[in-house]
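For reference, chains read A, B, C, D, E and F in written order, and residue numbers begin at 1 within each chain.
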Amino acid sequence: MYARPGLGLREREIATIAALTAMGTAQPQLKVHIQAGLNVGLTKSEIEEIIIQMSVYAGFPAALNGMQAAKEVYSSSDASEFDQDEPN
Amino acid sequence: MYARPGLGLREREIATIAALTAMGTAQPQLKVHIQAGLNVGLTKSEIEEIIIQMSVYAGFPAALNGMQAAKEVYSSSDASEFDQDEPN
Amino acid sequence: MYARPGLGLREREIATIAALTAMGTAQPQLKVHIQAGLNVGLTKSEIEEIIIQMSVYAGFPAALNGMQAAKEVYSSSDASEFDQDEPN
Amino acid sequence: MYARPGLGLREREIATIAALTAMGTAQPQLKVHIQAGLNVGLTKSEIEEIIIQMSVYAGFPAALNGMQAAKEVYSSSDASEFDQDEPN
Amino acid sequence: MYARPGLGLREREIATIAALTAMGTAQPQLKVHIQAGLNVGLTKSEIEEIIIQMSVYAGFPAALNGMQAAKEVYSSSDASEFDQDEPN
Amino acid sequence: MYARPGLGLREREIATIAALTAMGTAQPQLKVHIQAGLNVGLTKSEIEEIIIQMSVYAGFPAALNGMQAAKEVYSSSDASEFDQDEPN
């Protein structure tokens, strides 16, 4: 699926992070895709923008729970020590 | 929201189209954002890739209903006459 | 259910209108309960406040679709001719 | 939102507790609003009536999980020691 | 998927009709599978039992909307003229 | 509900396991019904077929979380020691 032409990996991860945040029933998979998003070059602040944007479409609880998932990903990976947004 | 830094308009529309397709409870708003996606430069095939990708995360009915929304947007706009993917 | 002690009919209809708006999968039943809410004395503006409040918890599409349901109830009943908010 | 005219705080909390129970994807926020409901004067039995009522609209699992959230709120606060329903 | 061993076609359609009724976001697909259920030998009353059972797990609106889907399937097919439950 | 005529207990549990897996908001109740399914004679592989089938209708996260629920049921019961699929 992610190898199909038409959208890049970065855009596919944006779509998936948005959808899983909005659905609110897939926290484990959301965490996997937040990590995948970091791996394909999304910064933490970009991921958080996607998640915050979901408050408009799916409500604040969905966005808050998405932010919680992001925090858990950050704190369980090297990503928590070296902020990818300001890589010096 | 869409004017916040960090993500471009194109990426924000990708996120919104993905989320509304996955939620499946917001067909009128999905149509608005499919049109908005076309307006910020997403091609029809890119929009359809986002929608099809949602079959993985929210099931085939969500993706099929999203495709139906896309068709209705196309057929109610000039976009239906001139395929934006092959503009020449 | 509505005859159980502890909450009045007015409060039970508030709860039901809120829930059905937030769920977004029960438009016919939402309309029934918007009418029921009018019948037990909720004003149109109170019903609309409940629906708008749901934008916070379930997103703007849920609230907008709830408002659409309310408009359809108003226009299909006498309630559309005589605004119950200013009855005199 | 809660300061807008038209509905009192008590009624706004009824709407929110109902919606979050029915949605079933926002347990942390449901707990916050069960506590908020207690703070604006809803009794435990009134809160439980709202939650039980949701079994009709969103099914028994949603209501049972809402009751579980209520129990967790009660047991983590002074409210668990002094039942607000029988304050004397 | 339906050709995998372990469950028969009849049981697979029961599972699908139940799920689509409970989800409430896939009425067109629910209709397709109600027809498919009739085709693999489920009777109308069996299909209706599945749908009614969903009121327990997903609430009455989901079940009522599922029954509405069933009625629309029946009335748009020969199945509406000759009740398959009493074929003689 | 389960005593109504028209569907057997086995088929009713298939419907419930399918619906709760697809909904994704009722993990505790899903576990109860996976155990109930084992009790009425569904094998583990049949239960897993139902859950996997839900990936088509509700997406892979719903199916994966359903499989996780099944594993937790198996490991907390005698069922984990003696595989019911090969009872001899």
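In this text, a residue touches a chain if its C-beta (ideal position, glycine included) is under 8 Å from a C-beta of that chain, and two chains touch if they have at least 3 such contacts.
Keep in mind that what you see is a predicted model, and the values were worked out from it rather than measured.
Across the two interfaces under comparison, C-D and D-F, the one joined by more C-beta contacts turns out to be C-D.
A straight line joining the Cα centres of subunit A and subunit D is 30 Å long.
Taking each chain's centre as the average of its CA atoms, subunit A and subunit B sit 19 Å apart.
Rounded to a whole number, the gap between the C-alpha centres of subunit A and subunit C is 35 angstrom.
Taken residue by residue, subunit E touches two or more other chains at 20, 22-23, 25-26, 29, 54, 56-62, whereas all remaining positions touch fewer.
If the chains shown are joined wherever they touch, the resulting network has some other arrangement, not a path, ring, star or complete graph. Of all residues in subunit C, those touching subunit E in their complex are 20, 23, 25-26, 28-29.
Note for the complex: subunit D touches subunit E at residues 22, 54-62.
If you check the complex, the residues on subunit D that touch subunit C are 1, 4, 6-7, 11-12, 14-23, 26, 29, 43, 45-46, 49-50, 53-54, 56-58. Note for the complex: subunit D touches subunit F at residues 23-25, 59-62, 64-65, 68.
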